[in-house]
Amino acid sequence: MIPLLSSIIFLPLVGVLLVALTPSRLDKCIKYTGLLITGLGLLLSIYLVMCFDKTKSSMQFVEYCPWLTGLNISYHLGVDGLSLALIFLTALLGFIACLASLNIQEKVKEYFIFYFLLMVGMFGTFMALDLMLFYIFWETVLIPMYFLIGIWGGPRREYAAVKFFLYTLAGSVLMLLSILTVYFLAQPHTFDILKLSSVGFDPHWQMVLFLGFFVAFAVKVPLFPFHTWLPDAHVEAPTPVSVLLAGVLLKMGGYGIFRICLPFFKDAAHNLAPALAIFAVINIVYGACVAMAQTDFKKMVAYSSVSHMGFVILGVAALNSTGFNGAVLEMFNHGIITGGMFLMVGVLYDRAHTRDLSQFGGLSSSMPFYAFCLTFLSLASLGLPGLSGFVGEFLSLVGAFGHYPWLVVLAAIGLIVGVAYFLYMLQRVLLGTLNPKCVSYGDMTALDLISVVPLIIITFIVGFYPQIVLTFQQVTINGIAHLF
Amino acid sequence: MGDFVFYFIALCTCVFSVLAVTQRDIFHCALWLALTLMSISGVYFYLDAAFLGVVQILVYVGGIITLFIFAIKLTAHMNDTSIRQTSKQWVISVFVTLLLLLVLFKVFARTSWAEIILKTDSTSINQIGLSLMTHYALPFEFMSVILLAAMVGAIVIGKEKK
Amino acid sequence: MNIAHYIPLFPFLAFVINIFMGRRLKVASAYVSIAACVLAFIFSLLVFQGFSAGQGSYSLGTWLVINGKSLNFGVIVDPLTIMMLLIVTFIGCFILIYSIGYMHDDPRFSRYFAYISLFMSSMLGLVLADNFILLLIFWEGVGLCSYLLIAFWYERPAAAAAGLKAFITTRIGDTGFLVGILILFFACGTFHFTDLKSVTGPESLLTLAAILIFTGAMGKSAQFPLHVWLPDAMEGPTAVSALIHAATMVAAGVYLVARCFPLFSAHPMALQTVAVIGGISALMAATIATVNNDIKRVLAYSTISQLGLMMLGLGVGGLSAGTFHLMTHAFFKALLFLCAGSVIHAVGTQDIQKMGGLLSKMKITGATFCIGTLALAGVPPFAGFWSKDEILLTAWNNHHPILFVVALLTSFLTAFYMARLIFLVLFGSARSQLHAHESPLTMTIPLMVLSVFAAFAGFIGAPIKEVGMEAHGGSFLIMAISTVVSLTGLGLAYLLYIRRIVLIPVSSVSGLHNLLVNKYYIDEIYDYVLIKPCLRLCQGSFVFDAKIVDGLVNAMASITQFFSGLLRKTQTGLIQNYLFVQILSLVLLLIWLLKI
Amino acid sequence: MSIQFLFPELFLFAMALWVLFGSAFPSLRKISDFFATLGILGALLILPLTTNSSTVAFFDLLINDPISYFFRFLILLASVLIIFLSSGDKRIEEEHKGEYFFFILSLTVSLMLAVSSRSLLMVYITVEAVSIISYILIGYFRNDKFSSEAGLKYFLFGALSTGIMLYGVSLIYGLCGSLDLNMIANLAQGGHVFLPAFILAVVFILVGLAFKCSLVPFHMVAPDAYQGAPTAVSAFLSIGPKAMGFALLIRLFLTNQTPLIPQWTTLASGLAIITMIIGNIIALKQTNVKRMLAYSSIAHAGFMLMALSVVHQVGIQALLVYLFIYVFMNVGAFGCVILTNREEVDDYAGLSRQNPLAALIMATSLLSLAGLPPLAGFMAKFVVIAAVIQAKSYTLALIAVANSVVALFYYLRIIKVMYLSKNDCIKPINCSPVLILVLIVTVIANILLGLWPQGIMHIITLP
Amino acid sequence: MIPLVYFIFLSAFLFCVGIYGALTRRNVIGILVSIELILNAANINLVAFNKYLGTPDGMGQVFSLFVIAIAAAASVVGLILIIAIYRDRKALFTDGFTLMKE
């Protein structure tokens, strides 16, 4: 049967060719090819999800062919419970961000070329089972993202784009060293992730290599000291790009921790778990506090995703199946919710051309649909039980409570600040008397609605019945949890 | 007696070379250089390298020094000796050169060079000719490439602007 | 057959219909909500009938697997649940009918009914949930609806701020609740209420868990430290206050404590804190209510005080006393709020100093208002007397003298401020020219029905009363004392506000009076101690983030730039320098390599 | 006497003479670049024939092993790219076009001889020949004060370095009695040679070679030369002589995988670290693109030397792969400077709007130089770092990798100016078809070698 | 018989004088003079070793022959570059040539 995974990865490349051939003045048909390609990608990923066998713990849809025999790098793809949800998330957000990028005006052709390259990088990272292939896809994301932020971004885009690029590169360069050291330490020298998981490295090396890998992933999941690139990148990136940036790029870090750091270096994970937990809680509380003090709408949402990703790391630090379940589910939910939030910010920005929260007020009377969606997504984002935000966070908290009760209490207090800044934002934007400036804002167009409503539906369904997502990842997560 | 001749020639070489380098007037430097080269050809004669000594005088002193003099004369008006000839960093250069000299002498003094094998037959001229034509034919041919390139280069760069 | 889990679905359906077809339905959306509420009420009756026929709680399916233990959806059916179901649906119907009149000229009419139905469904869900997590979901749903309804007239900034304050305060309580659940789960590995009876684990841990769960109840039932949001919640429509902030939602806290009563009773220390907190909030709220001049805020403080009393009742071990008072209080407090609503609807202002002599103009509202007041004050024939007496009895029997005195004092003060309210609003002469007219029938019918129940709830409560199987006899002494106390309260108010006799010179109590008017300055203290430092901390962390963490990164970049500038200078362009550097590095290399 | 080994060189020199002869007639002068390409392609065709001849030629002055075969192929490839590049440069048109290509061809011949020489005599003569021809080429635009000054400076610095190298060679001759590299290596490893003097002599030779590969302590003149020289010449300088320098380093220091002097690893890694750090850091604030590319080529020289500090078969293979990919990256970058004939970084403002193709070529070459995955630069960097880590010198790898991050910054600076800045700088673009063709070839090579580098990767096998 | 070491000392001395000259002379032709000295120092070495080591085919002398030839070619190119610069800028001192720096 057709190599499903490779077709998902390289479908966008076909898109690049198509867009490259169409003359740049027909931007309408470029946008439609964009929609077609990302839509097809979404269908393929749905097909992948449907014929994914939940009970098998090993890799599925495996594709293997030796790529560089001299360097024994192989083109090895595979999907299991852990990466399935993230691939579906990427495809979905890719399609929705494509919908949102229909109102990109200038240089549409280059935009979609970089957009498709970004998609290739993201899909590849989640499917690669060869360390070098993983690293190559990990870095291919950088160039298109740099241009997307740099050319179509806001006023301070150059600074933000360069900062994003250098930050991620500095982290991933350390990862390259660790990959090579791992390659040479493993007795039958191999880059294959599955084989390396069973190689027991000696404890001294484990600590060093764990940190080597972890720094790269910590930069991507913005963990406390490395997070300053996120607000700048988000504030300056155009809406669809920041949807992808928040929705998928942050998850690559979390995915990397699960795929590489935990299975390879078990003892190091044990020793470093407390430190991880402490940093996670700092992330949560610190992210929430700084978000509270923001006046820029998008920067606030960016810091809120710093806070949410703290829960992912808390789940990882729990080192048990509940914690891992919570972390992976939180990644999926956070992608959906924050993707929606950034769409909301984009809708407002297209009308007001400013993101300063003090410029709005009482919008819910002039924009009822917008008010409903924004309230729903904010509630999901602040972790209202009954919506998907809560389930992920709750599982992480339960998982981590066994080992670090006091940290979980601190995280819970951090949640209160989370509630505070989201409601304070809702109050400034939606409630209160209608700001005279915002009288002329029309409500959400059909296009905006189509892109946000699926996210809201998914948030509601996963919140109400999380087993839908959990059954997919249950077997794999138990596999990883058994190591500890 | 032979030793005295060598000492005399060596002394001349050293004195003339120092003078060639420290003179203010560039023309005098060129002349002192010519004298140094002649004393070096004397050293060659002493080392039974008669052919080389002659070549040294003919090619080096005759050819290259004349070239220098041509160049100096072409850039004549620059030669007023009032301008300071040594660069600002000459103090430190002296120190570094002496250090280098010290290192060289220290190492060479300690190295055990091959013992003196007094060979009777010095490499005669036809030996050189033979090896040039057989053993070292390739470099010999290749020299033609270099000389040709140098000549063409000199013409191209030296030509008057049209 | 198990139909209990359908009860919350009907109001939820009404919510969905009203939200999406709200525009077109216009007035019809009210009827949709009422129909849903009536259906829910009928199903509750069926469940009640089914319960007496022996059907118990059942489970629907696993929701989550945590640490290997499966946590599943479940519905719990026992006397407590049925009582709450009946109260919520019954009072809900009447309040919905009342709201048609109250909200008829509001532009967002259908959205109001949508929110009310959503509230009904989450309240019913809360009551039916059989494990802590499901309860927490509906618990927060109820908090969300109270937020939406308080800030219903969001054009008014005060309403928006009140909604925010309500949600955050309850959320603080809920965080304590969540931590309590976690501790409980780790102590005895279960989320389900049914296993609470057979719970075993470290004593101190379980007490801590119980107290933390109680903080959740404190947040929701506006007990002492977390009560600040209820008075501000009066910004919402009065019908909302009647349903949510009097009858149902605030009672959820008491319901929670009642539901986990086996856990609390096993740990006297936890029970003691419940009682003490209840006592404090009862007394404090009652004192504030005596001087407040806003009709709805007086009722709000009276609710806090009555809830304190219920908590006190539970705290002293009287499960049935607490729940019985909960049931009766729901009726007459809802009645009082609806009367206050129709008064405001008629007069237009909430300040009781401007009102006066309305009895003559608004016959029915006035009458029902008096019945409600008498019930609340605990005058014998009315419902309030029986349930309050029950609490006093259990307090006395279980040897809690201080709490008994506190309860007595609270009931005295309750009688006093309710009497003051009536005398200022209904009797005496109109202090300002207000044209008052009787509210329309849709508003007065619910008043009349509720007043009937307020009067006789004491008796019909009998079947539910044996829940706690408390001895009834030998308490006439207590009954006598409580009646005397209530009557003296009424009398004192009569002297002060009708006869205008100045018993104590105002100047001597002016200090106390200011203290009470400013609500013990609690809001200001919270603002000063909690909110300001938190905001400053956030501002500080943002500055820290922008300056230090970001600063470090930019500093690294500028350092490399500086060195680049420095090293660039070494390329002087002078060939002499280049040659010198070359020879120097040659010499250094030799020295290093040859180690001379 | 296996003359067959020299057929490519002889054929090439014959064409060089023909080009020189042709430059006398205006009609022939116009198509002298065509003849030059013909010569190179002919040499490329003949090259494979030489593999079966004996391993040693000309009284063992030359050696015919895979390394010399690879380097001769690399140099021919580099010079054909440079010829295409030079044909695009307008200023070479009016200058003496015929002689220019004669010099290019003779430079190629001397490079090919240098890489396959086995005796220090041949090494010195060919290095001297390469130097002389590059002095002429750098000072080629005699009425442009930049070019002549660069030529002179390069001459003085070069003459001194080759002088020092010659002195080293004479000392080696004295110590080992013979100039044959294998003989010297066996003597040195056997320990029959007096070490201090031997090390001194070897260091003297290293100075000459380090100048050619522009390693840091001896790199001072390279930036000025690259900036002043005609862009095509500086492109060739950064590939041809540099490759020769590294070939000779391999020949001299790493014959049959054992270092000539015991301290070779520390010396090489020390030099590599300084070269990378200084090369990258000074490049940060450069405003002239050619000068910045000079420093970037110095940094890359440091990277290559790092590969040599790994005394193992995989180190040399990594270096060969790196050089092969490095040729395409550099030709692409310098080619864009010729295509847009803009030398200042700020002149590149808004290039993506004026000429998207030129911007694309420049961006691909720069990103490949920076070593980002989908492009070939990453494969080169990866292979070298793998070799270094295989030799367990982790700090070296760490410094190299940190440098590549710093390097990215100044490559991004140009891309930022081209794509992201708003103001435009309008300058005419001389798009000669040949130049664009070769640049597209480099772009394709950059992308292809990044994704499917089978062609070049058969050289290296990681242990 | 003069031991070999003296010749090596002589050539080393000449070499250092040449280096000193290259570093200090401001006149470009002066530098050329010093470079010639360095080359001759190397030649002395070669010839001396050829004699004392007794290599059969006279490699030392042949090598120095080639060195002389190359020195000639190099100085031709060097001088022509100097003249080209002189004709253009009338300056022969090294600190005049700092067009390209930093």
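Chains: A, B, C, D and E, in written order; residue numbering restarts at 1 for each.
In the analysis below, a contact is a pair of C-beta atoms (placed from the backbone, for glycine too) under 8 Å apart; a residue touches a chain by one contact, two chains touch by 3 or more.
Given the structure is predicted, the values throughout are model-derived calculations rather than measurements.
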{"item": "Co-neighbours of chain C and chain A - touch as defined", "value": "D"}
{"item": "Contact distance in steps, from chain A to chain B", "value": "2"}
{"item": "Higher-contact pair (C-beta pairs counted), B-C versus B-E", "value": "B-E"}
{"item": "Chain occupying the most central position, where position means C-alpha average", "value": "A"}
{"item": "Distance-maximising chain from chain E - centres being C-alpha averages", "value": "C"}
{"item": "From chain D, the most remote chain by mean C-alpha position", "value": "C"}
{"item": "Inter-chain centre distance, chain B versus chain D - centres from mean C-alpha coordinates, in Å", "value": "31"}
{"item": "Separation of chain D from chain E, taking each centre as the mean of its C-alpha atoms, in whole Å", "value": "26"}
{"item": "Centre-to-centre distance between chain D and chain C (centres being mean Cα positions), rounded to whole Å", "value": "79"}
{"item": "Whole-Å separation of chain centres (CA-atom averages), chain A against chain D", "value": "43"}
{"item": "Where chain E touches two or more other chains at once, by residue number", "value": "8, 15, 18-19, 22-23, 26, 31-32, 43, 48, 53, 59, 66, 70, 73-74, 77, 81-82, 84, 94-95, 97, 99-101"}
{"item": "Multi-chain contact sites of chain A, meaning residues that touch two or more partners", "value": "none"}
{"item": "Residues of chain C engaged with two or more neighbouring chains", "value": "568, 571, 573-577, 579-580, 583, 586, 590, 594"}
{"item": "Listing of all chain pairs that touch each other, if any do", "value": "A-C, A-D, B-C, B-D, B-E, C-D, C-E, D-E"}
{"item": "Sites on chain B touched by chain E in the complex", "value": "2-3, 6, 10, 13-14, 17-18, 20-21, 26, 29-30, 33, 36-37, 40, 43-44, 46-49, 51-52, 55-56, 59-60, 63-64, 67-68, 70-72, 74-75, 78, 83-87, 89-90, 93-94, 96-98, 100-101, 104-105, 108-109, 113-114, 116-119, 122-123, 127-128, 130-132, 135-136, 139-140, 143, 146-147, 149-151, 153-154, 157-158"}
{"item": "Chain C to chain A touching residues, read off their complex", "value": "19, 62-68, 133, 136-141, 144, 147, 151, 154-155, 157, 159-161, 163-164, 167-168, 171-172, 175, 178-179, 182-183, 185-186, 534-535, 537-539, 541-542, 545, 549-550, 553"}
{"item": "Residue numbers on chain D that touch chain A, as the complex places them", "value": "367, 372-374, 378, 382-383, 385-386, 389-390, 392, 394, 397-398, 401-402, 404-405, 408-409, 412, 416, 419-421, 453-454, 457-463"}
{"item": "Residue ranges of chain E in contact with chain D within the complex", "value": "8, 11, 15, 18, 22, 28, 31-32, 35, 38-39, 41-43, 45-46, 48-49, 53, 55, 59-60, 63, 66-67, 70, 73-74, 77-78, 81-82, 84-85, 88-89, 97, 99-101"}
{"item": "Complex contacts: residues of chain C adjacent to chain D", "value": "557, 560-561, 563-565, 567-568, 571, 573, 575, 577-579, 581-582, 585-586, 589-590, 593-594"}
